[in-house]
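There are two complexes below, and they share chain A, which is joined by chain B in the first and by chain C in the second.
After this line comes the complex of A and B, so read on.
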């Protein structure tokens, strides 16, 4: 079918570091290196309200759906396995059991179709996909998700971490607060908090604000928000005698934690002298965060780049894209080394494909 | 593709729109706020006015709360340092609600600049050798004065939070002592002379734990190594003087070893 002289390079990416199982297929143009998304299929494990997703159940979900999602991805892309160049999978960071089940599946595909394997750092996947979609050349990156909170800038072949959460990730703080309020986890707890927050805003409740240089901390905020939620449920009033609702709580929580994120991002931008900012990761879909970041960037004479839920939320296509970038520089993961790991820092990856 | 950084015109804080003998000069602009030189407070004496402008992205109530708390905290820390003889600018006036703090103007250059003048165009691979580390050069003397200043700061229970050679000023000595014979030598000597004044306490906190003090030193050590790689070896003199000035230094230095080992990095969970 492909009659061009130089063949386009195609990769299949498998992601399952948390509760999303994603498989995507990407093609890089042989001449321009322009990426084309051929398919991007995702299936999410949603736990009941008031609960989080446990590693065991999540791994089981990924195992149960892997074949279905993979077949769908191939069908949507209209690609036969023989056309693939490599199979990419998430090496980490993430939850152990889900990572392992997807790694086993990726190895199986590689052996079955006789393809090379490429292990990918999940965070680098987010960054590369964000850059590819938005066209931001060299931005300061805010990576915010259920497991990670980092302010990153590229320097000398590595994505360097300038600031990060010292305890729990911002997404984890939001997810756990959604559990406290027992609101739905479908489609995502953060999304439902965002919708509730739009109805709030009559009062801004006083929550701790924990920024230390370019780092920040969220666990104290969660504790205080949980206490306020308990007061509300008991029918009581706030510390200043005001009444408040679930929506006000969500609003106050968002305003506080997002202000912290924008502040540390601004500090990093001033530090490295950049005026572009790219938001990636699941929390990056939040429109209020995007709006606040945009206001900050505008004040600095710059702009904000963000993607929508297809690429912000964990997906297979970003793993395929970052994996293919590495593969094109000659990187591959031999079968016997195709492990995965819960701890894998963004700055451990040698970024050979950038100048 | 990103919009080109247009020269942003900043609105003056209201206090600087009132009549003053000389117009205010914008000296520096950071993520935190802006620094002006003004004669509004004292007509005959310039002062440094730090202004934390309102952040449009922040909820107004939250913004007001943070601005007020931060100005107050900075003023408190400076006041405490002043009383206990730590070399910092004195606080002249503040309006926490309006977000400004007026301090003594330090008429000097940053330590960073002084060190760079001293090192001159010494090439990168000609780093200061072991033999030179032992020499009692004026640069070594400056390193000792830095150690003294940081030691005095920690003794009062204050953590600076952002120690770099840009956040220290050299207040020149009254002339007469350092005029050497050869002019070039004299210039260099002059460049690293003067009293060390610590500035910019925007990230300062009050703490007396070894951990916080060690992290403060570590930040300085890292900043020093990246700003002055050729003089990196002289940093040991900073720590020596720190020990002389500050009684509890030995346990802080031990902690510094731990901090160096782990860096500021933690291994993360997905």
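After this line comes the complex of A and C, so read on.
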């Protein structure tokens, strides 16, 4: 065996800040630092149509599935615990009970396997995985999910928030509207809204457009969309004097909120002098959003980068990757400090691994 | 004075429960202690102390986890203890299925 060959660094990452439990194992090449996904396993807690997922039930789901998902991740990677460098877990932001349920299990693994723990910011996980998968050099990042809506640009070792949702996240607006329409949450409410929206397009219903400078607001739009849904059920007519459908509502909601996201992203790009956009987070899977963002970026002579559902939906591999990047700079989380926090700003993280 | 303080504590948190959970060895009891004591109790109306102890039985080592709960009401006690059991069950399951020797003895490709 060549003993001068450096060992690749391997991390296991655990994610459970919302209703997805994800565990992934990543390797970093010792010479090139190239990341390789060794495994990425996820199980989603889906609540019945018309409902959302509550913290207690979600935490219970994560506890019930942790061992299963962890065993699968180890088996898929073909890695032994002794080969790991560290155990990474989502410190926050997110829902309290689900976050803590995963942290308890991660601590137990770290103690059993005698490995260090690394607490990771969920948003930074999305960003670093997006950068790694797409190879985008220094894009403006639009992070959009059920829990977060932020426009981010990197500057001097921080991911700076240039704009964000002032009330609810865009994904939360979509998810809650899916509950109003009582459409299925399987595989995700936003996915089903996207499919319905594709059948719309005949009419654009009037919804408020709420961009406020660099930021945007979605709760008023949701209220109006809910009102329109009630009107629809009562046989109300749209702007063209015809009745309208769920598909028309989904189409109109998407067009409105996505246009808002494109506007605040473009504003940040102009501010920063960038023409590249990286979209991360669950809402980033939406093809219409990617299309609209792509049109804007192309007009500016740039392009859009996006990942597929393995990486844009919450997952454990992004936690492993971001955690390993931090660990390689000497960062670790002492066991006594391995708590979770519901609020954890993206710019609180010192991004030591970048210049 | 000692008697006054303990009386005050008893009246503030009259509902109490002590549990002693046996583990196969002191290493596992210690792992459980360290994993579970990190998170603070969410409510100021609940107090919890955790320690590893020599169990009432025939062992010479700290192979048991003792947890003492004191709460202002029975309802708070019940909620806190049930939540503790949920976390404890997870810790035990992880020990059972994912301890290093358990994983090593399993064939590489089985989930």
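One rule holds in what follows: the second predicted complex is superposed on the first by the 349 of 355 C-alpha atoms of A that agree within 3 Å, B and C clash if a C-alpha of one lies under 4 Å from a C-alpha of the other, contacts with A are read in each partner's own complex, and residues count from 1 in each chain.
Here is the rule we go by: contacts are C-beta pairs under 8 Å (C-beta built on N, C-alpha and C of every residue); 3 or more make two chains touch, one makes a residue touch a chain.
Note that the structure is predicted; figures quoted are calculated from it, not measured.
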Please tell me, clash or fit, for chain B and chain C sharing chain A in the overlay. fit
Check whether A:343 is in contact with chain B, with chain C, with both or with neither, and answer first, second, both or neither. first
Partner chain in contact with A:131 - chain B first, chain C second, else both or neither: neither
With the two complexes superposed on chain A, say which partner A:209 touches: chain B (first), chain C (second), both, or neither. first
Name the chain, either chain B or chain C, that contacts more residues of chain A. B
Where does A:270 make contact in the superposed view: on chain B (first), on chain C (second), on both, or on neither? first
Quick check on the superposed pair: does A:303 touch chain B, chain C, both, or neither? Answer first, second, both or neither. first
Once chain A of both complexes is superposed, is A:17 in touch with chain B (first), chain C (second), both, or neither? first
In whole Å, how close do chain B and chain C get at the C-alpha level once superposed? 17
So in the complex, which bits of chain B are touching chain A? 1-8, 30-32, 55-59, 61-63, 65-66, 161-162, 203, 264-270
List of chain C residues in touch with chain A within their complex: 31-32, 34-36, 38-40, 86-87, 89-91, 93-95, 97-100, 103-104, 108-111
So, in the complex, the side of chain A touching chain B is made of residues 17-18, 92-95, 99, 122, 135-137, 139, 147-148, 161, 164, 166, 204, 206, 209, 212-213, 215, 255-256, 259, 262-263, 266-267, 269-271, 275-276, 291-293, 295-296, 299-303, 342-343, 345
Note: in the complex, chain A contacts chain C through residues 59-60, 63, 66-68, 70-72, 74-76, 78, 80-82, 100-101, 103-105, 107-109, 111-113, 335-336, 338-339
